[in-house]
Amino acid sequence: MTSQSKPLGLWPLVATVVLLAMPYVLSTYHLGLVVQMMIFALFAMSLDLLIGYTGMPSLGHTAYFGISAYTTALLALRLNLNAWLALPAGLVLAALTASLFGLLALRTRGSYFLMITLALSQVVWGIAFGWRSLTGGDDGLPDVPRPALGLHLPWSLADSTPFYYFTLLLVAVATFLLVGIVTSPFGYALRGIRESETRMLALGYNVWRYKLTAFVLAALFAGLAGSLYAYYNRFVSPDYLNVARSAEVLLMVILGGAGTLIGPAVGAVLIVFLENVISAYTERWLLALGVIYVVVSLFAPSGLIGLLRHIRSRRATP
Amino acid sequence: MNFWLIQTLNGISFGMLLFLLAAGLSLIFGLMKVLNLTHGSFYLLGGYVGLTILHLSGSFVLAVLVGSLAIAAIGVIMERFFLRRLHLQELPQALLTFGFLFIFSDLATVIWGTNPQTIPKPAIFSGALQFDGFFYPSYRLFIIVLGLIIAGALWWLQDGTRLGAMLRASVDDEEIARALGINVSLLFTLVFGFGAFLAALGGVMGGPIVGVYPGADFDVMLLGFVVVIIGGLGSFKGALIGGLAVGLLDNFGKVFFPELALFTIFAPMAVILALRPAGLFGRE
Amino acid sequence: MTALTINNLSRHFGGLQAVSNVSFTVEVGERRLMIGPNGAGKTTLFNMLAGALPVSAGRVVLFGRDITLLPAYARARMGIARTFQITNLFPRLTVRDNLVLALLAAENAVRSRHRPVSANHSLMHHATRLLDKWDLSAIAGKDAKDIAYGEQRQIDLVLALAAQPKILLLDEPTAGLSAAEVVRVVGMIRSLPRDITILMIEHDMDVAFELADRVSVLHQGHLIAEGDVEAIRNHPQVREIYLGVDDE
């Protein structure tokens, strides 16, 4: 890791205890908020893999969030498939789409890559919006059943506490995997690619293959977040795929601090929180969000984690 | 036969609006390496301001002029005081332009409401042109002609003037252009403002046929990207050919495959990306 | 035994012919210096050898195998390592992590692919040993962007050496260094074992003649002279194009 990372100490333990205890302390409404925070934390971390670790400015990441959501929802709704099939199916479709889009987009870099990834994801939005017979179009897919596990358990995932633990489990496993990826040789290679592609090539790394793999991996995790969100909301619509969603997840990554995994997770928590608070007082959430974007882009491009490190280093060298 | 002619002309006239949008987008991208996500807002605001000016003054010409120039001014301010600080930082630029996109989008609904509106056609073009039993709205023909004139003017500007030469030099190599004494910063501001001008012009001109409605910014933005991807970046020719192509694809797509309309645009875009990532006329 | 052969290598950029019909052979263990004025095409040639630039014409043969169409990363895996004229490290990673990346590329153990890098003790020790060997342990924990320029050039070299290459392409390793730093880097290069073949671009004539077994001289894209140090030093055309060569 870079010179700035330090051992996390007791924080993971504290976080685990707190998260496990949530259903006993929070109301159903607030518990639902925490579920959303976890889902979007996962979504943001998946994008961080691309933006923060590999240096690939992907603007269309919500395509995989949405495709997995729609796939899972459709399979659960129309074919009554249980979660063991519907959820992985969503991931598979997300991965396939990412492979296709990656093949197309990875021939470009920088701002051009930005545009192409956004355009591709907006085409997916357009298809979801226009293909009424399949996706319900603008009306979306209501009444998505909560995940059926096919097991005879004393509680139902239709209730908020069991679903909370279900989400917590999946997000925790996914986070564990993500941490494993970024600390592995593969994760190191991604960072090398971010810092200098030409050097990586000179050292013998097949950079293109690493980038495509990262692209598909990131899509898998985004897809998991999307399917979870579909199950949570019991509703999927083209809003899962719109520009606002693409922008929002980017903000979460940058606000939190790209390249740290925890930064984007914190960013997601913050944005979900803010959205709920601001929406309660005004309809102008989009306007407020826009202002936040402008402010963050101008004054905090390294995000909260960057700010924290800056403060810590200023304190260390008086 | 008439059906095909009508649809083709519809596609071409819409394509001209896309050309106006994409020309600015392409120019801004080619010169400043900025993906201007606010470009759709310029289109939208141009339409809305034009609408208001028309209501206040009754003059279509005034609506076009004021609409385009007002938005150009907004563009200049946005570049000079905000965008300029993020030179070559793609992600903060994306955040910033997203931010303005949402701000403008929301403000537009506050100021002009959420109902879709149209700009009435100017009296001289409110009728149809008749040719051998064939009728076609003269306003759409006017758009086609105007689009060609503007394309010609841009061509002349790029290839025949000193300003164009400075522009091409700066696109090719910004550092050397600066070293040669070209005021690249001023050029950036002018180009951004000009791009906004063109987009807003498209917004006002498009008002009578496409309407002015919340969400138009996002709709045209996507089409603008597709035009630039197909036509190539940094090239007016690409913006024109790409615009016409997408206009026709979009129109015929809606006619024959209404549910999958966007797919008819996606397929050619994917083909271009696969075979020629720089676009048909891209310089890179 | 021949390490590297290039046949009629050419490269043009539009109308500009950067490298014209260059051919030569480098033996295993040889120290071949490439000299020539600015714009002679030396770095272009290098980039073609490393696979960073496709050739316009000609062939590159490494240990008997035609690698002309092989991409850069594949050549690296075959044993070619290179340094860069303009420093090309991983700026926001520590010096140690820079090295780790170089070592990971050469590492073949599948077992270690899924474990955290920090748990790979043999790798971390290897990195530490390498830094110790070249007396660079002091900067191990610093970010590459924060170390002195001279140290950056040294790390540039160490990165290329990490994977134990068979052929080393050095692009002006002493550029911009102080006299003391030049001595250090030359010492590093001189201490390299003879199973490594070295092809080096150099502007400093003293350094070039000190290290070279043979010298190839490029001028305006053409190979105009080749021979041992004495032959080149006295070569009339070489003396002509080089102003300021010491008359000894």
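So that you can tell them apart, the chains are marked A, B and C in the order they are listed, and the count of residues begins at 1 in each.
The rule is short, and it goes like this: a residue touches a chain if its C-beta (ideal position, glycine included) is under 8 Å from a C-beta of that chain, and two chains touch if they have at least 3 such contacts.
Not measured: the values here are computed from a predicted model.
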{"item": "For chain B and chain C, chains touching each", "value": "A"}
{"item": "A-B or A-C, whichever has more C-beta pairs in contact", "value": "A-B"}
{"item": "Most central chain, Cα average position", "value": "A"}
{"item": "Far-end chain from chain C, centres as C-alpha averages", "value": "B"}
{"item": "Inter-centroid spacing, chain C versus chain B (mean Cα positions, whole Å)", "value": "49"}
{"item": "Inter-centroid spacing, chain B versus chain A (mean Cα positions, whole Å)", "value": "32"}
{"item": "Centre-of-Cα separation between chain C and chain A, whole angstrom", "value": "42"}
{"item": "Chain A residues within the chain B interface of the complex", "value": "51, 57, 59, 103-105, 107-108, 110-112, 114-116, 118-119, 122-123, 126-127, 129-133, 242-244, 247, 250-251, 254, 258, 284, 286-287, 289-294, 296-298, 301"}
{"item": "Residue numbers on chain A that touch chain C, as the complex places them", "value": "1-3, 180, 183-189, 191-192, 195-196, 198-207"}
{"item": "Partner chain A, residues of chain B touching it in the complex", "value": "29, 33-35, 37, 82, 85-86, 89-96, 98-107, 110, 218, 221-222, 225-226, 228-229, 233, 258-263, 265-266, 269-270, 273-274, 277"}
{"item": "Contact footprint of chain A on chain C as seen in their complex", "value": "50-52, 71-74, 76-77, 81-82, 84, 88-94, 97, 100-102, 104-107, 112-118, 120, 141-143, 159-160, 163"}
